[in-house]
Every structure is written in C-alpha cells, then in structure tokens.
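Both of the next two complexes hold subunit A, though its partner changes from subunit B to subunit C.
Take a look at the complex of A and B:
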C-alpha cells in the first residue's frame, strides 16, 4: 500500500474517516449540520406533541401526580355544550374567513398588478398591517367597534343618521367583527404572494391568447386562475390553518370577557388556553389540543388532496 | 432569575463559610449565618415600592435574614407560583389572592401558620373578620397586609350639573336610580352621550351583584360553609332584576360604554361607578373634575359589602431555618408598622383594626366609606375565581343580550356554579 505514504498529515493512515468516500463524508457533514435543528425540533416540537397525547388521558392539574383516566377527558369534552359552541365558532372563522380572504386578496392583487401609478406605495400600504403587532392592531379595531362617543364606525353611522350597532357586545355581530379584523390583518401577505404568482405567469401566454382574440374574462378563467393554482393551494392551506388557530384578535378584542359575550367569539385555541392556564386542567386542555390537532391535520390533508394537481 | 439565585447562592457559600470560621475564631461572638428567603408578589408599582421599603426595615431589625423580592406580571403570576411548585422552587413567602387558597392547599403549595408564632385569638381580635377566609379546618393559612372593599365613586361636577347636591350622594338604591336618571344623557338616536352609572360586568359588577345586591335583597350568595350556591332564591331574582334593569328598564347606563367602566368615569362621562379601594390611586390623578366616595346605596336599610384581599402565606416546602425566617418575615409584613407603610404608599386599607379604625381614617372623605364598610363586609370562599366569575358574567349577559327570563338565567347559573363547587370538593 504505497498510497498510504502520500496521504496528507493529520488524516492518519488507515483511520476510518480517511477511508470514507467523498460522497459519504458529504452526507455525514450534512447530517452533522442538520442534527441541531433536528434535535431542537424533536425536543421542543415532537416530544411535547406526543406527550400531549399522553397527558390527554390523565387528570394532571400541574399540582398533583397525574392519574390515568382513560378517555374521560374526551367524554367530558364531547358532552360540554361550550365545546360545541367553540367548535362552531372555529369553523365559522374557517368557512367564512378563508374564502373571503382569498377572493378579496386575489381581486386586489389582480387589479393592483395593472396599476402602474404609485404601485409600490399602494402595495406597501396593503402590506403594512401584516407588519403590525397583532395585539396592537386588535386594540385599534376594538376601539373602532366601540359605541359612541369613542367608536369611529358608530360615530359615522350616527352622523349619517343610521342606527348604531353593538358589534362586539352582540352575540350575532361579534364573531364577524373579529373575523373582519383577522382578514384585514393577513390581507397584505396574501396580496404579495398572489402578485408574485401573477408575475410568474409568462407574458407570452397572454400575448398568444390576445392574438387568438380571447376576452379579458376568458383569459382570467382559462389562463390566470389555472396557472395560479399552486399559489392558491398554498394560501388556502396557510389561511385555513391561520383561522383554525385564531387567538390574538379574539383575546385582545374581548379581554373584558375573553371569548365575547356568552362565548360568541371563542375559538378552540382560547378555550385550550383558559382550560390550561386559568383552570390548570392540563389533562382536559391536552384532550382539546388533540382534537384541534386532528382537525388541523384532517383539513390540511383534505385541502392538499382536493387541490392537488392531477 | 433562577440562574441569578443559583450563582448568588454559590457565591454566598464561601462567604458564609468564612464568616462562620471567623465567628468560631472570635469565640462564637454571634450568629453570622445569613438566611436568604424569597418573597413573590405581582408587579404593581406602588406595591413593589412599599414592599421594598418594608423589606429594608425588616432586614435592619433582623440582620441574619435577607429577603429577595421577585415579581411577575399579574397575568402570569398565579401560573408562575404553580409552575414553581411543580419544579420544587417555591418562594418561602408568597402573596396570594384569598380566592386561590383552596387550590393552593389542595396543590400543597402553602402550609398552615404555626399556632406558636401566630395565635388564633390574637388574629381574631386584631384583624378584620374577613381574615377568616384564610382559615380552613381551624388553621390559618396566611395573613393580609391590606384589605379591599367596595364603594360608590361619584362625579361631583355631574351631580351639580344635573341639579343634585354634590355633597349628598344617594343612600338607597331608589335614590341611586333617581340620580342616575338625572345624569344620563342620550342623543336623538338613543346613543348614550353620558351615563348615570358606568357598568362593567367583568370587573366589579359581578361582585356587586353576587356579594352585595343579593344580600341587600335579603338573600345569601353561598351557604355558611361555602359548599352550596344559595342565590337561586327570590332575593337573587330581585337583585338580578335590579342590576339588569339599570340597562333594560331605567336605561341609565350601558355595558361597554367607553369600553370600560373605569374609563367612562375617568373621562367624566359617568355620574357614578361601583369600584374598589384599588381604584383610588388611579382616580386621584383625575384633574378635570371633582369626585367623591360614598358607602354603597342600601336596599330596605340593609348594608352589605364585599371584602377581598391578597394575603401572604408560607410555602409548604419551607422548613428549618428558612421556615423560621419566613415566619418572622410574615409577622413583620402583617404588623402595624408594615400596614402604615402600605396605606401611605399603596393606599390600600390596613387589615388590622387598630391601624385602620383611627379617627383620621374613619373620617377620611375617601378612605372613610371603605373602612366603615369593612365591619359589615363579607368574603365568601371561592374555589375557582375565574370560572365562578364567568358564570355570573354569562348569567347577566344571558338576560341582557338574549332576553332569558331572570329565573331561568339564575337557575342555570346556580347549577353551573354548584357543579364547579362539587367538582372541587370531590377532589
């Protein structure tokens, strides 16, 4: 083995590392760098997730030893009228919030794409709310919705001689009022992503369509919307997860009575938060978390499947 | 913060050893061993300053003991205490709301006060009777420095403008409604421009209804031992009808006017508001109008009030010299001296009669009505303050927003709250 004598010093003749092929070394290096985030995610994400499943079958209350109680927490949850109310609220945010947000942001992006005057400024204005702290924004909207004399919306209604609205103090209006805030908060982000998607469609397609004499409506239906599908799928999934996890807006806009009058705006995440951190019923809260996890997982998978490219 | 304590402790150890060695060399001239205990409370500027002052005085009198004050925002405070217990790092002395006591005893966070250091007879003689809310099975679990009561705050300027005598606040609920009607103003569209009474269910009004109005109408909120909900009666119904009637019938105020009741009062747009001692410091900064405090209006001549407090207790984990130090500290912070500092700096009422019932205090235009109320205030036991409060809030909202009949709303609330009490007792 004369080759051994030509090895650079330090690698050590016959060491295990030295004998590995370059490609294997690269894989080992890659894993060495990946190890940190993998360990991090295992410790702070995957382990607690699995632990939550275990806690959900115990009566742990932070103070006393956890006892195994089987499916008691789930039985109690499904028999709890507040849970079903919260369940309906969560789906109301999702079912109304996501389509409104997607259609609105697409419409704005579609027309903003054609605006050349002050394009950057208008885009920045739409994006601005996304940069604002959710809590600060929620409080500003909370004030918008107040009765006269401090509520801006009601003051305008009153000036116009229209009847003022209770908004956050109404069991019917409180949820839509909060939903509007949540939609507005994420609009900027969705517009930017839609615009990036629009810009990515080759202009040659449009030129060809125009030469063939297609109208604007047909171009929108036949070219723009189909080619935007990957963007739309991403935004639908992203926005759905956002609405299913809604918390900041609700908590801050109804902090006097978190979850609105008679739980009219309470989403699942807020119920989990209150069960865990005001009542310290960790087992019961974990059961709610498992239910939320299942819903999120099912809906995300269903959306990916429905909107998949054939 | 914990890391700091660890490093400090490890720094202290060689020092303590050196001091001990010196002590031995000096022929045991004195005990040089320093005991460090921790005291936890929530962040509230004046309370933290008052406690810093009290600790300074305590350390001067007890050179062998150092007290480290640790504070947390109120929203996290209870969670921190419970998490610290789970981690085995409870502070030796902690401040807790009286309504948390049952949870804390069940979770073994606190220990009963020793009968030698804290004599029952002395506690009962020296403190206001509401201190009994810290007693379970014949043992006291903590003592307050200061106590709170409720009163009627009223805007003297608005009284005058409405043609009422600003020096004669309403004494009965009828006078109260009449005054509120005189002050409330609405525009052509029916929107309030100014309310007679600022209403805020979630802050103090749920207490006003459950602990005060129910009693004034001749009922009780809970059974003597606190195990049964007792407001599902004629008195409960009448008092709930009165409270919700302020918005539905008399139309003298509106929940969420100016977002919060105290904000409406501060802005000078509310004639009156029912609030606690803790609001005094904030209202004292009002520049734009004159205000006064009165004892709560009565019904049928009956007076009632709701006394509450944050008490100080010793952690179940404290033993040996730390426990001895904790006892000394607890004695000090519930002494007359500490209470004087507290009244001066925080403006909360002293828990000892001797400090509170001085002529100057009883006749004080602001503190007087609160202090006079302490002798008839009651403090009901609570097992889960947040959930029990929610029951009352939902009941009132059911009547206001869904027009649920009073008796039905009352029954649903009583059943829900009874279930909370039963569930806790079953543990």
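Take a look at the complex of A and C:
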C-alpha cells in the first residue's frame, strides 16, 4: 500500500482494486471498518433486547426448558404488593433526589462561577466525590450512619447533645439516608455541567440587561435560568435515569437484608437482581426489566419532546 | 467555548460582605463534601482500638492495615483485575468507537444513516434489561467466571460513537483529501491524520470509559462467582460483608478502590474537568 498513488477514477490499471471508482472504494472501506462493530451491536445489544422481551413471556428458570406463558409474568408482577412497594421506593428516590440535586448543584455552580479566590480548589472539593466507586463509598456512608459509639454522624449528634438517629435501621430514614449518598456522589458532575452551561451564555446578554437596569435577581430569572433550559433538562433527565437505576448503594448499604428494612429501600433494579440471580426466576425478572425499560424510555422521550417544543 | 477563561464582565472584584459570606458557605460546603473521603482515609491509618475516637488526624498513623489487607493476596488480585479490565475495555472503546464514529462522519455510503440511528437507539436500552440475555449467552458459551465475560458487553459503546462523531465532523475534509492524494490508505488517514486532531475528545472518552469500568458493579457482580475473578468493587463488597465490624479494614479496602481515581484526578485535573464538560455538553 505504501507505493500506491492517487489515480483519478477509471484511469487505473493493474489490480482490480486500482480500477474501482473512488466512490466504490469508499463504500468498501466504510463497510470494512463497520463490519465488526455492526456484528457486535447486533449480537450484544439488539438480539439481547429482543430476547429480553421474549424471556419476559416465558417461565424460564435456568434449569427447565422455557415455556411460553403469555402475559402471566406481568399479571403476577402487577398483583404483587412487593412490586408496588418497590415501584414507590424507586420513584421516591427520583422525586426527592432529582430536585434536591438540581437545586443544590445549580446554586453551587451559580456562586462558584463568580468565585476567583481558590476557584480550582473549591471546585475540586465538590468534584472529587464523583470520581469515587459507589460500592466503596456505600460502606463509608454505612459506617457514618451506625449508632453510637461507632457511627460518625451519631457520635457528632450526641457530642452536640442532639438526639441520635436510627438512619439505616428505620423504615422512614433508610431511603433518604441512601439517597443522600447518591446525591453526594453525583453533585460534582452536575455542578461542572451547570458551570459549562453558565459560561456558554454570551456576556453581551448580561451587559445589555445591566444597561437596561435589571438587578441580579431579575437577570437570574429572566436571562440565566431560561437560557440554561437545555442544560437543566439534560441534567434532570440524566439524574432521573440515575435514580431509577440506583443499585450499588442500596445493595452495599443493606447487605444484611438487601432492600431492607422491610423492603423500605428496595429499588426496581435490586428486585430484578434478586428475582433473576437469587431466585432464578428469569421470566419474571425479564418482565420487571421490561417495566424498567418502559419507564426510562418514557422519560427519554419526554426530554426530546420538551427540547423540541422550545 | 466550554473552556474559555472567566468572563471579566461577570467577575466583580470589589469585595462586598455578601461575597465573603457566599465564599465561606461554598468553601465550608466543599469541606463537608470531602468529610467521607477524609474519614475513610484517616480511619484506614488507624488501629482497631482507635477507630471510635473519631479524630480526623490519627494519633499513631500506620500503614499496617494496608499491609494486612494486601498481604492476603485477594485484594491485590482484585486490584490488578480491575486495572486490567478497565484498561483493555478503554483501549477497545477508544479504537472502535472512534473508528465507527469517523466512518459515520466522513464516509458517504448506502446505509450510513441507518447504521447511525441503529447505534444511537441502543442508548435507550438499559443495561439492566440486557443482563439476563447476556448471562444466558455467557453461560452457554462458557464465559461465566472469565475476564472476557466481564469485559465483552462494554467493548464498543454507543455513547463513545456519538461523542466522537461530533468531533470528527469538525475535521476539515481538505485535510483528509490531501492525505488521500499523498497516497495514504483510508485506515492510515484515520489513524495518522484524523485521530490526532480529536485528542481532547479521545481523552474525554478515555476518562469516562475508564472511570465507568473501574467503578462498575452490577454486571461484574452477576457474571463472577469465583472470587479470584472479582473486580475491586465486587471484591470489596464481599470483603466488607465478611469483616462486618472491622471498619478500619473496610475503610482500607475502600481507600484502595478510591485513591487511584483521585490520584489520576490530581495529575490531570484540567483534562478531566474539561473532558466532563465536553462529554456532558456534546453527549
């Protein structure tokens, strides 16, 4: 190939390859580059997707031959009180977690953007937790939440003379306690994205607003927030999807009774994991994954719709 | 656009009380964000008897816990497993994602749009939906409890293709045409001409892929039962369950899982923050 020189189409001689028109060569090159990846996506993404739908209408249990059972798995799921508990939990992570994460990260990004003293250091303090391993930090937080004299938070509370809290041992507090660790881990990412969005707003808009005599509050409401809409929508969807798929933290923080106490922290993905890989009810678990897919798909479509109607 | 310097018009250098309060609150918030990491690291340097003293600076710091945890062989094995898996998957993604992205951005051929939309549509499919079919595939083909079994689902990613495509589209066609006239073949044009022009995007993709695989938990947990093949997060999880109350050892394990990514950050802070912005804004 080293000595090959460029020939205008149709003038080549010698090899058959050399006589091919350049557009044909381009097609051959393109498909040569794509062949392996296209096979990969077909075998590792598309075929398994179809298979997941198929498994969800069978009673496959890993040992016996799968038998078609129609919508039985779905009927069973929607009649299962544990599923509805899990469904409520999953949305509780999302409905409380996403607004808290978005408001906090926007407020921090908004002020951090104006900070010049130690800007990089402060940014790093907020960003570093994003680079941690969820499974590892879940254990750190679990330790923090222990009762006195072990747990860091309760020891501080008792030193200050405040009542200690049960945290992970309480059916009311366990879910917010786990949610806090997920917010903590992703705050840095959201701050960075908000700051990128803030910097992308042209300075001239702010100057014009100041000339018009708008105050800081009015500039925030009338210029910054509306112009940040695409960033905010992206982060809301990204964060919502993250909360709907929460698993690592819950699995590690409640490993003595996964999803407990009394299923009060169990999210859908943990239910899927237990159904598939503890009970080996693959058909039933696949039906649960289809439900998860449907929820995530709806949210992604909502994002596209909101951004399009802008 | 993303990395432009601070815009002077919005930076008021005049010192007002409000600014000082805002700065202090931001700084203290940052310190609070760091407390779990500080306590984790500090406790990993304490002996079992000192764990409950809650001092941030250990009275008698020692690396004894690290020696103890690493000397039983399992942790060092998990550590190497994670390094190897994350490195290989990252290299594979850098190669294949950018090759596919380049082809879709710069070649004209029948089926281009279909292939792009098909790859893009896989972003809609959550991993959780695929693990059951993957597990079925892995057990049929004997991939359960193998490194290949852990790695194969992530070797090419739609996210990477999508991210890289946007950057290859900004590479001028004239550069590629000039290389073609110089007699380079199409593979060499991609490798020697186009790739060097998108290195910021490549580093962003490398950071995301490495971090994603280093911290990955769900699929490695499913596909490995042999503890010799555990990745660090899965190994740490089983180790922590086993130790149950020896928090100084659990914190040592957690530090081992966390410190490498934090070290990488300290060395490449600028690149990483820019990479996250690039990937977040464009992807």
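Convention: the second predicted complex is superposed on the first by the 267 of 310 C-alpha atoms of A that agree within 3 Å, B and C clash if a C-alpha of one lies under 4 Å from a C-alpha of the other, contacts with A are read in each partner's own complex, and residues count from 1 in each chain.
Everything below uses one rule, namely that a residue touches a chain if its C-beta (ideal position, glycine included) is under 8 Å from a C-beta of that chain, and two chains touch if they have at least 3 such contacts.
It should be emphasised that the depicted structure is a prediction, and the values quoted were computed from it without experimental measurement.
Chemist: May I ask you to decide whether A:277 touches subunit B, subunit C, both, or neither, giving the answer as first, second, both or neither?
Modeler: After superposing on A, A:277 lies in contact with both subunit B and subunit C.
Chemist: What is the contact status of A:71 with respect to subunit B (first) and subunit C (second): first, second, both, or neither?
Modeler: neither
Chemist: Have a look and say if subunit B or subunit C is in touch with more residues of subunit A.
Modeler: When the residues of subunit A touched by each partner are counted, C comes out ahead.
Chemist: Name the contact category of A:150: first (subunit B only), second (subunit C only), both, or neither.
Modeler: Both partners, subunit B and subunit C.
Chemist: Name the contact category of A:257: first (subunit B only), second (subunit C only), both, or neither.
Modeler: Touch status of A:257: first partner only.
Chemist: Please work out whether A:63 is in contact with subunit B alone, subunit C alone, both, or neither, and reply first, second, both or neither.
Modeler: It touches subunit B, and subunit C stays clear.
Chemist: With both complexes superposed on chain A, which partner does A:208 reach: first (subunit B), second (subunit C), both or neither?
Modeler: So A:208 meets neither subunit B nor subunit C here.
Chemist: Should A:220 be classified as contacting the first partner (subunit B), the second (subunit C), both, or neither?
Modeler: neither
Chemist: State whether A:35 touches subunit B only (first), subunit C only (second), both chains, or neither.
Modeler: neither
Chemist: Considering each complex separately, which residues of subunit A are in contact with subunit B in the first and with subunit C in the second?
Modeler: Touching subunit B and subunit C on subunit A: residues 143, 149-150, 277.
Chemist: Sort out for me which residues of subunit A touch subunit C in the complex.
Modeler: Residues in contact with subunit C: 1-6, 23, 25-27, 29-31, 33-34, 36-38, 40-41, 44-49, 51-52, 55, 108, 111-129, 131-137, 139-141, 143-144, 149-150, 152, 155-156, 184, 187-189, 192-193, 195-197, 199-200, 203, 206-207, 231, 234, 245, 247-248, 251-252, 255, 269, 272-273, 276-277, 282, 285-286, 289-290, 292-293, 296-297, 300.
Chemist: In their shared complex, at which residues does subunit C touch subunit A?
Modeler: Counting only subunit C, the residues touching subunit A are 1-2, 4, 6-7, 9-13, 19, 22-23, 25-27, 29-31, 33-34, 36-37, 39-40, 43, 51-52, 54, 96, 99-100, 102-103, 107-110, 112, 115, 118-119, 122, 124-126, 128-137, 152-153, 155-156, 158, 180-183, 185-188, 190, 211, 214-215, 217-218, 221-222, 232-234, 236-237, 240-241, 245, 247, 250-251, 253-254, 257-258, 261-262, 264-265, 269, 272-273, 276-277, 280-281.
Chemist: Taking the touch rule as given, give the residues of subunit B at its contact with subunit A in the complex, in rising order.
Modeler: Counting only subunit B, the residues touching subunit A are 79, 82-83, 85-86, 103, 106-109, 187, 189, 191-193, 200-203, 254-260, 269, 384, 386-387, 390, 393-394, 397-398, 401-402.
Chemist: Tell me, which parts of subunit A touch subunit B in their complex?
Modeler: Against subunit B, the touching part of subunit A is residues 61-64, 142-143, 146-150, 154, 158, 161, 163-164, 166, 168-171, 256-257, 261-263, 274, 277-280.
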